[in-house]
Structure formats: C-alpha cells, structure tokens
Amino acid sequence: MSVLIGRETRLVVSGITGREGEFHSRAMQAYGTNIVAGMTPGKGGLRALDGTVPVFDTVAEAVRETGANTSCIFVPAAGAPDAVLEAVGAGIKTIFCITEGIPVLDMIPVVEEVRLAGARLIGPNCPGATSPGRAKVGIIPGSIHREGRVGVVSRSGTLTYEAVQAMTDAGLGQSTCVGIGGDPIIGTQFLDVLKLFKDDPETEALVLIGEIGGAAEEEAAAWAAEHLAAIPKVAFIAGRTAPEGKRMGHAGAIISGGAGTAASKVAALEAAGFRVAESPTELPALLRAAGFRG
Amino acid sequence: MKIQEADAKALLLAQGLPVPPWEVARTPTQARAAAVKFLGDPANATGKVVIKAQVLVGGRGKAGGVKLAGSADEAEDVAAQILALEIKGLPVRRVLVGPAADIVKEYYLSVLLDRSTRRLMFIGSAEGGVEIEQVARDNPAAIVYEHVDPLLGLPDYAARELAFKIGFGPHWKAGAAIAKGLLKTMLAYDADLVEINPLAVIREHGAQGTPVERLVCLDAKVTLDDSALARHPGHEALRDLDAEDPADVEARRYDLTFIKLEGDIGCMVNGAGLAMTTMDLVKRAGGEPANFLDIGGGAKADRVAAAMRLILDDPNVKAILVNIFGGITRGDEVARGLIEARGQQEREVPMVVRIVGTNAEEAAELLRAAHFETAATLDEAAAKAVASARATAA
Amino acid sequence: MKIQEADAKALLLAQGLPVPPWEVARTPTQARAAAVKFLGDPANATGKVVIKAQVLVGGRGKAGGVKLAGSADEAEDVAAQILALEIKGLPVRRVLVGPAADIVKEYYLSVLLDRSTRRLMFIGSAEGGVEIEQVARDNPAAIVYEHVDPLLGLPDYAARELAFKIGFGPHWKAGAAIAKGLLKTMLAYDADLVEINPLAVIREHGAQGTPVERLVCLDAKVTLDDSALARHPGHEALRDLDAEDPADVEARRYDLTFIKLEGDIGCMVNGAGLAMTTMDLVKRAGGEPANFLDIGGGAKADRVAAAMRLILDDPNVKAILVNIFGGITRGDEVARGLIEARGQQEREVPMVVRIVGTNAEEAAELLRAAHFETAATLDEAAAKAVASARATAA
Amino acid sequence: MSVLIGRETRLVVSGITGREGEFHSRAMQAYGTNIVAGMTPGKGGLRALDGTVPVFDTVAEAVRETGANTSCIFVPAAGAPDAVLEAVGAGIKTIFCITEGIPVLDMIPVVEEVRLAGARLIGPNCPGATSPGRAKVGIIPGSIHREGRVGVVSRSGTLTYEAVQAMTDAGLGQSTCVGIGGDPIIGTQFLDVLKLFKDDPETEALVLIGEIGGAAEEEAAAWAAEHLAAIPKVAFIAGRTAPEGKRMGHAGAIISGGAGTAASKVAALEAAGFRVAESPTELPALLRAAGFRG
C-alpha cells in the first residue's frame, strides 16, 4: 500500500498539451503511472502522449469517460485555482497542483471548497508525490526513488529530492514521498500527511523535511508526539543559518507565537521524538540509529 | 513587496477608509509648503504638523525619523534633518507631512494571512500605538482575533463582533466599517498584510470650532503579494527601489530570488529549501555564504548566466558553489548556462558544481568537457567550496 | 419588474456582453434616421434593418411587431405601421431599430432562479430562436442545465462546461464568457431572469469585407427583483408605464399589491394567500372578483383608505369584501381606515367586513358603532358580498 | 413534543428594540415563550420588555451569556440576511426570519451557509411557528391556537391563521403550526417540515396549506405518498381562480407553464392521499373524514 497514489491511481492531467504538462506527463507515464486522460479546453477529441491518452474539453467528461480518480494540474497560475475547482466539481478526491506563482488570496476559497467537498489537494507549488514502483504524480524525478517502507514528507521541492536521494543511496526505500509545497496557503499540511502515514501499514519509518517560517512543523510535531510515538522518525530543517525576517512581517510573527525559527522547529521535533539531522545526507544513519531496520 | 506609509495610505483612501490628510515632500521646501497648508487648517486641533521619514524599516521613531513641528520654519528644518538621515542603512528620500493628531486613544487593527487555518485573520487590540508583539508578550488577553470566512468574507455581523470585542466604545460603527475596509483593501490589491497601528480616535475642530472625535488610520503598513503583481500593473510604481539592493532589481528581471549576505561563498541553487540547506552546509563546513540565490524551477541557460553575473558582482565572493537538483530544471541546461557564463565572466573565481537529477548525465558530460570542478554530494560540494574560498583568500 | 428589450440590451452592454448595435425610435422619422445609419454600415451583412416593437408581452412577431426593411423609406413605413399597433392591449410607443442579422445558428441561454435547489441556474440549448417551453416539450434532451454555486458563482470551468454541453463549437470561449456575463448582469442589477433568445452566431463583414462570425445577444429579456428596486434607484426609470394600469402606479405608492380583474366584487385582504383564497371563495359563492388586492402586513389607516379608493375607482365594482386576519396588521387600525374611507367615498357601494385576529374585538366595536355589515367567517363574508353585488346590480 | 420549537426553546430576538420586534416579542413572551435575550448592536447592556430581557450587542454574546438556542429575526430587509448569518455564526440551529422584502439574490448564499452549518432557517418572510401551549416564535396570533395533535404547515401568512382558526373552532388542536414563508428562496420547504412531523410522536394528522406557483407542493406530495401513507392529511391550495401569468403579491404566486397551477397541485396532493378542501373552513371536516379522531 501507499498513501495518496498507487496502482489504483487513474490520473487525469489538466494542461497535458502544454509544454510542462506534456514533458512531465511523459515522465509519469514512463514511470508507470496510469494516465487515463488529459484535459485542455478546446482540444477535446485529440489524443496526447503519442496517441496513448485521450484529451477532453472538461475534467467532468474525462472522469465520466475514463473513471479518472486523481488529478494533476500543470495549468498556468492564472487558471490553476479554477483547475482545482474543476477537479473538485468533477468529483475527484485527490488533486495535485504543481503550478507555482498563484496569488495567495486566490487559493483561500479554493482550499475551502476542497475541504467542503471532502477532497484532498496537494500543493499548489508542490512537486507531487511518488509511490516507488507504483506511480508518480508530479515532477519528482523518478530515478531517485527505491521501493521500501519509509514515508517522506517535505515542503520543499529540490530539497525533497536531496533527502530522498540520500535515503535511496543508503539503501532505504520509500513507501511514498510527498512534497506538500511551500506556498503560504496549501491544501495538505505536514500533519495531514503524517495522519495518512500512520494508517498506512507499509510505512514503518518517517522522514520530515521542513524549513523556517510558519508553524506547520511545530503543529506536526505536537501531533506526532501523541500519535506516532512508536515509529522511527527523523527530520531535517532548512534555514538554520538564514538571516532573520527578510520577508516575515511583524504581525506574521505573532500568529506563529514565537514559532517559525529553525531552533523552535528543531526543538519541537526533538521533543516529539524525531532525530533531527544537520545535513540531508545524515538522515539514513539517524533513521537506523532510531531503530529502523528497513 | 513592502510599500511606504504614504503609498499604503493612498490605497486605503482609494478604498474609502478614513485617513487624515498628508503630503509627501522630497525637499525641505516642499515640506514647508505642506506644513503651511496643514498649520492653516482650522480642523488641526494641535496646531502642529508631524513629519515622518518614508523608509521600509521599523523603528523610524527611535532613529529620529518622526518629529513634530509647530511652524513652517520648524517644519523646513525638521524635514531637512530627516531627509539627511540614513535609517538602518536606508537613505530617507521622502517624508510624509500631515497634521499632528490630537490622539484620544490608540488601537491596533490588522488583517493578514493565517497559514495554519488557511484563512485571512484580523488581529485587533485596544492597546495600539505600541508594537503588537510587545502586547502579545505582556498582555495576550488584550489581543482579539477574528477569522475571515473563506467564501463569505467578513459579513457585517462579524465586523461588528470584532469592533465590540476590541472595544471601540461609541466608535464601534466606524471600527466595523474600517475592518471591512481593510479587508476590501487587501482583496482589491492582493495584499498579504494590511496593518493600522495606531488606529486612533483623534480630536479635531468641527465646523463651529467644537471638538469632534473620529476614528482614523494614523499609520498604515501594507505588503503586496509578489505573485499577484502581474495583475496589478500599477503596483510596480510603488516599489521602493531605495529599500532594495540594485542586485534585487536585476534578480527580479530574471525571475531569480536573490538575497545578499555578508560571506564570501556565492551560492547558486534551484529551490528555496535546497538553497537554505546549501547555506546551512556551507556554514557547517566553516564557510560563510555570500548570498541566497534560488534560480527557481525550469531555469534556462540565460537565467543561469544572469545568476552568475549577480554573484560575481559581489566583490567579496571568493568561491562559487552551484547546487542543482534537477526536477523541472534540466541539468544540461544549467551546465550550458554555466559554461556560457564562465566564457563571459570578467574575473576568475573557483567554482564547484554539483548537478544531479533530470539530465544529470548530460550535464556531467558537458561539465567534464569544460573542465569544471564537480562534486557528487552536497556535503562534498560545500567542503570543496569552503576550501577554494580559503585558498583564494590566502 | 419586466423591462423592454432595448433597456435589457443596455444593461447587458454595460456589463460587457456582445450586443449588436441598435437605436430606439419613438417616431417613424427617428426610425428612418436609425435605418440610414445601419443600412450604411459596411459590417451590415444583410443590407437590411430589423424594426421591433418594444412591448412587454410575448408574441410580438405573430402580432406583426417585428419586421425587416431594406431601405430608409421602407423603414419609415414599417415603423409607422408598428407604432400604430396595439399588441395584446398594449400600445406600441417605441421601436428598436438595428441591423438585420445574417444568422448562422441560433442558441438559447438564460439564467434564472431555481426555487427548489435555491440556486441560480443556467438553461441553455442549441435549439434557440423558438420558445424554450416548446423545446422542453418536444426535445427535452436538447436542453442543458447548470446550477450556479451559491458561494462561488460560476467558476470559469463551469462556464466552459456549460458552453461545451450546449455545443457552441468554435464559439465555446465566447459562449462561456457570455454565460459569465449574464450572471454578472443578474447580480449587478438584482435581476430574477436574464434570457437571451436567440443567442446567435451571426455573419458580418469584417474590415476587408471578409465575412466574420461571432456570437451575439440578438434579443434580451430581463426581469428585475421588485424587492431590490430600492438599491437600484436607476431601475425606476426602466419601468414601462404603458404595461401598467394607472391603478398599479397608485398601488405601488401605498405599498399595495393590486391586480385589476373582470368581476364586480372588490376585495381587500391582508396577505397574498388569503387574498387569493378570498377570490376563490367569492367565485365559489357564484360571484366574480373585481380585483386582487393585498394590503400587506401592518397596514395602517391611510393605506386602507388608499386601497378603498383603488377599489372604488373601478366603476364595475358593485360590492366590497374586506377580509382581514390580523397578525402584524391590527384590526382596529383597519377598521379606522375603513370608517375614514367611507366618510370620503364618492359613491355608495355595499361593504361586508370581516376582521379577526389581532385587536379584532376593538375592530368589531368600531365597526358596530359605525354600522358596518360584518361577517364571522370567510365563507359567510363571500356569500354576503355576492348577495350584495347582485342586489346592487338588480 | 413538537417540532422546531417547544418548552426547551430559549429565544434570542434580533431587533428586539425595534417597533415590530418589540411588539411581537411582548406577544411571544405573553404566550409563554422563553425569550432569554435580545440583540441590537450598540444597545448591549440595556434590558428590553420592561427589564425582563437582557439586550446584547451580538448574538454570539447572547448565546454565550444566556444559552439561547433559537433565533427570531425582526431586522429590516437590508440587514436581515446578515442577521441570519450572525445567528448561524453564533451556533444557533433554529432560526426564524420574519422580515419581508429581502432581495432574492441576497438569500442564496445565506441559505447555503445555513445548510453548511447544519442549521435550519424558517423564512424569510414567514409568520413563524407556534407550538400551542408551549411556545410561539414569530407573529402568528397566539389566540387562534389550541393544543392538540395536528401538524400544520403553510407557505402563506394570514391564510395560515385562517386555517388554524378553522381547526381550533372545530375543536382540533395543533401540535405545531409552521409558516414557511412565501418568498422564492426560503430556508425550509414543505418537504422539510413534513419530515419533521413524521418523526414527531405527537403529530397524528397533517394540514398543508399551499398556493399556486413553484413546485414545492408537488415535491412534498411525492414524498408524502411514500412516507406518510398512514397519517390522515388534508390540504388547501389558494389561487384556483387566479388568472394565469399575473403576479399575485409575493412572487410565490406566479403560475409558470404547466407546473405550479392549482390543478397540478391539487392532483398531486390527492394522488398522495391528501383530501383537498375548497375552503379553509372545510379542513376540519375533511380531516375527520380522513379518519382523524383527535
């Protein structure tokens, strides 16, 4: 088993005929992801990816015709929030939005609609997820993965790859790797993914890759302390040496209530039983030290 | 993007919020003219003007950037003093001149993004005029929070609730209307933060000279969402170039995120998290990063070349660390950009390049052919860069 | 409130929708001038103008209210004919003159209130230009429905879905934009219904004389929410007084709902349901109601007096039935109004009054003192009124 | 027992210091309704109804301080939709909106919010409800009622009173009388009230008062045919003789196309087992004829 995606994933790609959409759809298909449909308004009836994938004018039609159950969005920022709403409206429950640069306020009603529909949005501005050996959705390079039992969750893009590569190089395979995205408003937070991993019988260890800013790592740590006591878990926080507050406003600092610094995050994670690495390359060793034998 | 107080006030005014009048002056003479106008206004209850430095850093007051003046002469003098200041490294090029308020009571009110609930949130307090962080520490009960509904916004009742909870007393209607106005401002301009501190009850002279009280936005701070600048063409004009390194401007032109730091190891990385990690590892290896530089996803050769120019424009840079983990970004494109950039660069600085991920093999071949120093892991790359910097410095 | 085609088109145009040009003419001469303009327009692919009666009833075409003209002379003649018409009892006082469209294909698109889901709903069809009710009967599969989200409105994707489902072919983008525009119009003006039939692909001459096709709103029907008129002061000017009885205007002034009917028993009731029931029972008792008149909730004496004047203005009225069940409305207020009205009324008509509910006892006392004929039940009141009317007529 | 309101009702009246609000609040209180709070912004701290009822600035405060669980709104049309949202936001689950003349489009998001909150709105433009001997909320004259076991639901105002009076005069008491309101957009439809009556052990017979326009009577009849077969039930439809295409007062009474005519409604109700009266005064006899002995 895996979380979010797997062999049962039937993917519809919104923006499949665009440059990025096509490039990464090919990579997903090559990895073995079952792309059942593409969507580009006005291109319904065409076939994408060398004729292997039917293109529809609307996601609703794609769902009706192909039974798509997962959406991956490569639509440009101006249209991406609408693309998420379209996937929700078509009844899709797992939606990855890769698009970056979406104005923050645009996402607020969208994440609410996702919540009201009982769906799950990963991203925006996220690299997607990979369930090694089963499927990958998004833009994470497939080559860095190895099948296994470590669940990885990260809010960075390339830093995730770095961490996953380190795991793979050390022989530690992954059950699912999830990049939740780094935007201020994202559909799925650390905590949500930890909950999924908790219920996944194939995930036996956890890697959390965070960074300074916000309070998501602290919130996840608080939950993990209570619900994930038994599982070996490690973390890495980027930005320990970053100079303070180039972008964080005053009022931003109080919501997080002193949270947001690397020190705060490391302390919270350590208190919750995470071993916190100083470099991504140390993660495998720390995981073994935490008792993981996978 | 932060904007100056006067610009923030103009946005608030355009959305119908009560803001006392002001003028912006670039010279003491202009400040004098503005002062004459406000000193002559019969509504001016204090008979003075306030002159405030327009700079994008906090602590203007302590730095001598906010002063009162009781006459045109004094205003000209004070403006000259303030316009000569440099506050936290930023030159003061403009001052705001307005009637000095006769403040009855100061409040705090802001609306901002609350990431964890993924909603906008109001923060209000009857303890205004001081740093809200200070209030949060000393008297957290004095702070009121109210979330904005993600679909409905702030219905009238919620604005009233907020106003009553903050405790505007007889000014509750004005307080509720201002809360709605701040949200409207935020939505109209794609702001990240709209903060009024102080939101103040001031006393003015009414038509017959009788004192009248009203609630007004005495100060204003607005930051705009960088991702939304494309749909607000007017915002670019609000950018305070003084508050930016010239390198920032160049970086923006190429969609790069660049922050200059104090060290000597230039870093070029794709992805903010990995860029911070690279800095962390440089520091851990005993070096000091000269910058944060994220070339973003899918960077092409020209963007890589621009990034290289930015790094090399910093004379402190003694070594360069390039760390690319290809996903959207293709390693070979970056390698080509590096080769091109090296061909044009004016000074020779040692460079350590690590490219992994998408098209890493093609990249490795290109780099090998061009005799670049490469590294397999990030730790190794950091160590090599630190060693090179030391060798250059020695 | 229904408004005329030309006014509806003006609202659509103001919201950015594609509407072919038109002029409104009140005289044949004005129509001639408009025709000259459109006949001379190089984009006019048909070389003709269409002249349409502006009246608020359906079936204009069948009544001879819509005609083509190929020259200025013909336009003047045709306009004169149409302006002389009376369609379903309504005089034609204005005509719309526009270029006769070269229609490639006709669609139907409307947005209206769907009570049972409590949402707005689009209805669309590729079978336009005919009555949508006809399409619904003959070919229900040709009709497409799309609800509007009560909180989000019509997101772009939903507009596209609608456009693809209707089948606008290469005009899907225009179709989606028009759907969004219709909703925008509805919300901007508090409309109950915005209906375009036909929404047509027309052929025009482009800049170089080459034919170009575009999707335009050829006809437009908009009805406005009466409850929202107060916040749209401009709407009152759109009211077509020709379509109203003068009594309607008077009724509106006093917040009464009045509909003139053919019978001889005037009815004054509080509440629409009870008013209809009163009419039903009059009819059941063998009489014919002269009107529907709801004096609304909380009616005071002056409103009651105005209602009485309206009833008596109808010379057919032979008897009056007043049926008031007090809730918000207080019976004694109504009784006072009746007594006052009777004191001023110019002709003597028998009246049967039934007042129950709030303050019914005080009302009964007042009526008794003033020698009104009263009734205990509605059935009894109806029977008495019918008997009185017969007695008067005899 | 009763539906919607009863002895457990703890009422907060929005607009209690207004003319209508005060008048009807007095009548409700006189009837025995437990009015625990009033709300008028800016009048918090005062006491209404001769000092018997505390007034608050917000409904949230009223709920917190008094445990109000039901709201009755007498706020003018411009503020009434907001007043409903306020009650919802304060956690109130049963909300009566008496206000008439609210622009239709204003109510669409409001009824959706009510639905999302799992609350129930009766109205707007409704007379409210009475549970004889227990409580009345709204403007229905208390004097017309009698305690008993007939459930009455109606979309008219005064016509409801007429029907209730007829029942009372004939000795047939009511469990609850509900006026759902005649506006195009209302929170609670016939069907919803029938469902409540079905689950109310004290309601043993039903009276439905409809009128021409819309399809709500037909929808209710279809449901009743399936779920309320056993219970004696009668109906009255106003507007049998109304001329077609004319608006009779509230928009509720436009006859549109074939559906919505009196004939269509009478047929649907009779098919569902309702006995349909030709005058409200006939309702009691028809109910007895239908087997009701209450």
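We call the chains A, B, C and D, going by the order they appear; numbering starts again at 1 in every chain.
We adopt the following convention: a residue touches a chain if its C-beta (ideal position, glycine included) is under 8 Å from a C-beta of that chain, and two chains touch if they have at least 3 such contacts.
On a predicted model such as this, the values are computed, not experimentally measured, just so you know.
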Chain whose Cα centroid lies at the greatest distance from that of chain A: C
Pair joined by the larger number of C-beta contacts - A-C, C-D: C-D
Intercentroid distance (Cα basis), chain C paired with chain A, Å: 55
Distance between the centres, which are taken as Cα means, of chain D and chain C, whole angstrom: 29
Separation of mean Cα positions, chain D and chain A [Å, integer]: 49
Chain D residues counted as touching two or more neighbouring chains: 109, 113
Shared interface positions of chain C, touching two or more other chains: 151-152
Interchain pairs in contact, sorted by label: A-B, A-C, B-C, B-D, C-D
Footprint of chain D on chain C - complex, ascending: 113, 115-116, 118-120, 133, 150-151, 186-187, 190, 192, 225-228, 231, 257, 259, 261, 269-277, 279-281, 283-284, 289, 292, 294, 297-298, 324-329, 356-358, 377-379
In the complex with chain B, residue positions of chain C that touch it: 151-152
List of chain B residues in touch with chain D within their complex: 151-152, 155-158, 160-161, 164, 172-173
Complex contacts: residues of chain D adjacent to chain B: 41-42, 44, 57-61, 79, 82-83, 85-86, 89, 109, 113
Footprint of chain C on chain D - complex, ascending: 20, 24, 77-78, 100-109, 111-113, 127, 139-141, 143-144, 154-162, 165, 182, 184-186, 189, 209, 211-212, 214-216, 219, 236, 238-243, 246-253, 257, 278-281
